[in-house]
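What follows is subunit A paired twice: with subunit B in the first complex and subunit C in the second.
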Partner chain A sequence: MRHEHLRAEDIIWTGEEGKRLNHMDFLADAGEAVGLIGLTGAGKTAIAEVLCGEKAAASGQIWLNTERAAAEQLAGNGVLIQRGSTLLENLSIPDNLFSLGRPAPTSSVWIQENKQRRQCKTLLAQFGMEEYLDASVPQLPPSVQHRLLMVGAVGRGKKFLALDHLSDGCTLQEQTLLVNCIRQLCGQGITVLYITGQIDSILQQMDRITVMRDGRRVKELFRGEYAKATLYTYVYGYHMDLPVGGVEVRRAGIPAFALDGCDFRTNELVTIHDEDGSTEALVARMEALSVGRISVLSADSLSDCWIPFMSVLDNILLTVSRRIGGPTCHVRGSVRRVLLKECAAETGLTDEQMLAPFARLTRIERFRLLLYRVRLLRPDIYLFNRITAGVDFCDRESITQIVSRLPGIVLYLSSDYAELETFGTRILSLTEGRLQRNKQ
Partner chain B sequence: MKITLKRFEYREYAPVAILALLLGVAYFTVAGFDRPQIYLNILKNASYSGMMALGLLFVLICGDIDLSIGAQMSFYGVLFGLIVSKGGGIPLAAAATLAAAAALGAAQGVLVGRYRINSMIATIATSVTLSGLTYILAGGQPIFDLPTLPVRAPVRLLGISLPALIWILVAVLAALVLRQTYWGKFFYAVGCNVTAAERAGVPAERTKMVAFSLCSLCCGICAVVYISQLGFSPLEAGQESTNSVLTIAALSGVSFSGGRGRVIPILCATLLMSALTSVFIVLRVPTYYQNCIKGVIIFAALITKIEKR
Partner chain C sequence: MTEALSTFFRYSISNRNNIVTLEEELENVRNYFMIQQFRFNNRFRLQILPVPQELLNNCRLPKLTLQPILENTILHGMEEKLGPGTINIRVLPTDARTVITISDDGAGMSEETLLHLQEKLRGDAPVPLKRSKGSGIALTNVNRRIKLLFGSDYGLRIMSTLGLGTDVEISLPRSGGADDAA
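So, the complex of A and B:
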């Protein structure tokens, strides 16, 4: 019989961009795996931060084990592990897990290295991770580091773990390991909050799902009570028809080049399923064979390739200046006007948005802009490398629709097989750098 | 998945190898290097910049830098000399100087840690201010007549002079703090990734404050020992020390972006610089050539830091 671990009522929290939590309620029992789903900006991370004591709510009440709790007590009870959270690379695994942390690991000043190592080994063994005891932190993939952070938090006596978008960009194998780890933690009485923007396989393993919209809880569903369509309805706030079948292929294919027994045609969207980084080898071979100009776009390109405080137009001008031969100090007004008109027409941005700083654009607007900028460089092949990692499903659909309209050879890489099945003409499965399957 | 064990950080131990090579060659080829006294002199000469380098190590591990160490040393030297000359006595003067050093370091730490001021700018400001204050305190003249000082006190243990003994003590303490205490791990954590460290519960602001405080404290100790040995307080006691200490840090493989650095390579780099100077003096190499050769040796040591791209 589970007992109530964490309850929040009527939480209000206002961030820099306005009210993020608007009379939010939350409930989790001890040892329960709770899924938290909602669109970007719904307030998922904000409530996790409040429940972990990282932010103090403006109003509302939180009970920890049926007793009123302040932010300090919540910080001692819970920890938030985000997608960007990593271990500290210059410290060993035992140091990362036992020398740091809140509450303080011990009242002693001195580290008892042997004792700490033994403790660490025992803890890792409980989760089948003892092989990582002497591992070099920089060489561990993020998913392993996340699991080690989770285990470390338990070692420091945390009873509530909030996992913020940890499965984004994970392979199926990594997702399975994450689910197993969550299940083990729950078995030990730890409450786990799993935050996501997608209806993925992990979410469907949760005991309870809380759906958030506009800073508040709109529905709470228990295992076996929900279907995809139901969740979509609560997340969006209205009923919608789910996409069925593939996207129509609009252009006739012309053979462009063949590699490893697989021909790539212009104006064709091919999706690639890859779990082990085989696509990098494919791209390297394409470059070696000089099959054409390749533009690789990843989720990071949406933010990394831009200067956030410069206006959208100036960002585009930088690209143009590169195309016309080096940076120019002075750009003629006529060039600016033409570019403003052309870019606005292609991306759907208003003049006001074009002149505003890049940082104000939404993800989809950034994606459109990125594509426009890439097209200025006239690539022959587009490779979208896990471009939808960390993207909510409504944005995913928009992105795939834009991708499917691109000219040239379009390769769309993802480790989410279910996503790939919804569009494109065929799916290539790559493993260990080789083509394993070419499914039409 | 293949798990790789932690690799041996050969870069940090480059000065150890170069020092061993230099002393080995000098032993057989340079006159006087077969006598123990010269090694004791190298140790003594290394101790002042060595102490400051150990202090700077804490700041560098935190990912910051302190460019005011030279000015601090001059200031603490004058402060110490002034209190002694006014009849304050050595224990009181030393205690007051070290307290001032710790407080000034903490203030710098607050500027950098809490108010997020770039450490380079904050410490340059401190340096300029202290340079002026040093002259104001001393009235523009070195402070002579420090009667109660045990000038050239023959305090020795196994032939090792007092400054070298204090340096070794400071080094042992620094190594213990960095390797065996939770605070030591905090320095590395903050220098490695301050956000991740804060999220893991490390008090980043306080850690930086302690690092700067320890750095200033080392400068204070260095100044007290130096003035005690010298017998008077010059106005520019630490004038050249910032460059030499930074050179030692660079040679020792300390990461200037933070998160990496150890005590033993710092000791070896300090001894290396001191040994080089001794070799040049014995060989009567002109000063200008000495600087050029030192520069080339530093470049040679830094080749080990070049990353493959």
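So, the complex of A and C:
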């Protein structure tokens, strides 16, 4: 018999920008992995925060283990781990996992520490992560830190974990490890809420998928009972007009693909004026229609997809391991030497810079490196999403020059119309996730 | 067909029990659907996902809980839809509740209609006295009967998207809970 762990009904929560949760319902059984999908602003994080007791709902009821629960009880039961969550750099792994939220030991400090270390070792061993017991926190990639945070939360007695966009920027290997960790947690009766804005391989491993739109639950689907296109349809709230919309993929010839009546030709740079920030919808539609491998690059990609304390070369090696699907350590020395030479030649970085930590690179150097890394993944389409946001004028010019020289199909999105006028073959307009025909 | 009609009418007008088992309700739904299939020339498909026998016998609910919902589904969701349609019935038991979901891939409803219906189910909007097509009185009635019988924690929840379909979720106490209520 399934045990009902969390149930929420009619939750209303209003944020600074207005009503974010509008009579939201939610249900998760104990040991269940629930995927929560929706577009940006659908209220995914807001409901997770309410369920973890971080925010108090304005109205509605929440049952925890079939008993009505207040925010304090929910805070004791659950934890929200977000994409930016990290371990504390100045603490050891056992301290990070066990001391947080507990009073410092007043006596027998040495005995306490030893006990904590043993507990930590046992806990990590359960999840095959004992190798990280003595690791230095700054050297751990974000995905490992996320998994340690998950395991640590369980060690502190949490029964509900909400994972907010943790797979963004993960390699395939990291995604597999995350799925394994989620599955193990569920096996121990922990309820996991996996929040995402995209239909990725992890979402498809969830037992139940709750689709959110406009602050409400709009559909519940169960594993194996839906196709990707169905899920997208519920995410957007309308049929994607697959037969009528005229999607035509002609890889061998020209155009490379067509969407909403707009053709995209190989070696063409199309600039798109994003009027309402619905880029996510566009990307998702392109993915659903399988128009090709898409690499989306945003201003965040310049810092978020990298491990700052790892050398530039090791960062690149992570990408290579993603392409070949094997662990980083299996990349042979000869490959390493070739990559060092090739990457330095393409990005203009010196050997010394290649072996130095990524954090030391300037913005434009990071951009060149990002492009090199993306090219290793052999995308069919480059989609630049406000890549110049927050970038000063000189760097902007250099970035657009580099973008103009890229091979393949390049889509360049910006809400700055003046910027778009300076380059590209034509300007399209993006409204409600759909492309409108040329504006000029 | 004749057997389905007679069984359906017998079940509907019989005064013997107001609380029935899930098995009886599902059987009545099958009969009702068979009649509708005749009317719509087998355009629709009813799929009842497997339910454990123990739950079929133990789960109790007010008589005529499922049929009005199915009737609404066909009347508002499927009738106007061109081409075939599917109605799914899923029963999910937990230690606290039994949740029965009736989903269709029909016309769905507009945001405005959905919000109004949800308000009525919550008791925030007045329910029309006269029954007319689209008044939502059938769902409100089922919702009220469940709440009266089992308490305010149970009842109906509705999800719908225009052009995609509607899901009606019936939340009941766990198996056997209705014994006390009855």
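In this section, the second predicted complex is superposed on the first by the 231 of 440 C-alpha atoms of A that agree within 3 Å, B and C clash if a C-alpha of one lies under 4 Å from a C-alpha of the other, contacts with A are read in each partner's own complex, and residues count from 1 in each chain.
The working rule: contacts are C-beta pairs under 8 Å (C-beta built on N, C-alpha and C of every residue); 3 or more make two chains touch, one makes a residue touch a chain.
Not measured: the values here are computed from a predicted model.
S.K.: State whether A:D10 touches subunit B only (first), subunit C only (second), both chains, or neither.
M.R.: Only subunit C; A:D10 stays clear of subunit B.
S.K.: Scan A:R378 for contacts with subunit B and subunit C and give back first, second, both or neither.
M.R.: In the superposition, A:R378 contacts neither subunit B nor subunit C.
S.K.: For A:E220 in the superposed arrangement: first (subunit B), second (subunit C), both or neither?
M.R.: second
S.K.: Using the superposition on chain A described above, determine whether A:Y234 touches subunit B (first), subunit C (second), both, or neither.
M.R.: The second partner, subunit C, only.
S.K.: Can A:R337 be said to touch subunit B (first), subunit C (second), both, or neither?
M.R.: In the superposition, A:R337 touches no partner, neither subunit B nor subunit C.
S.K.: Quick one: name whichever of subunit B and subunit C touches more residues of subunit A.
M.R.: B
S.K.: Between subunit B (first) and subunit C (second), which, if any, makes contact with A:Y132: first, second, both or neither?
M.R.: first
S.K.: Check the residue A:K115 against both partner chains and state whether it touches subunit B (first), subunit C (second), both, or neither.
M.R.: In the superposed model, A:K115 contacts neither subunit B nor subunit C.
S.K.: Same subunit A residues contacting subunit B and subunit C, which ones?
M.R.: In subunit A, no position sits in both the subunit B and subunit C interfaces.
S.K.: Tell me, which parts of subunit A touch subunit B in their complex?
M.R.: 80, 85-92, 95-96, 99-106, 108-111, 113, 131-132, 134-136, 139-141, 144
S.K.: Which subunit C residues qualify as touching subunit A in the complex?
M.R.: Residue list for subunit C touching subunit A: 92-97, 99, 101, 118, 122, 153, 157, 159-164, 167.
S.K.: Can you list the residues on subunit A that touch subunit C in the complex?
M.R.: So the residues of subunit A in touch with subunit C come to 1-4, 7, 9-10, 23, 25, 27, 29, 61, 63, 66, 213, 216-220, 233-234, 237-239.
S.K.: What residues of subunit B sit close enough to touch subunit A in their complex?
M.R.: It is residues 1, 3-7, 180-186, 188-189, 191-193, 196-197, 199-202, 259-260 of subunit B that touch subunit A.
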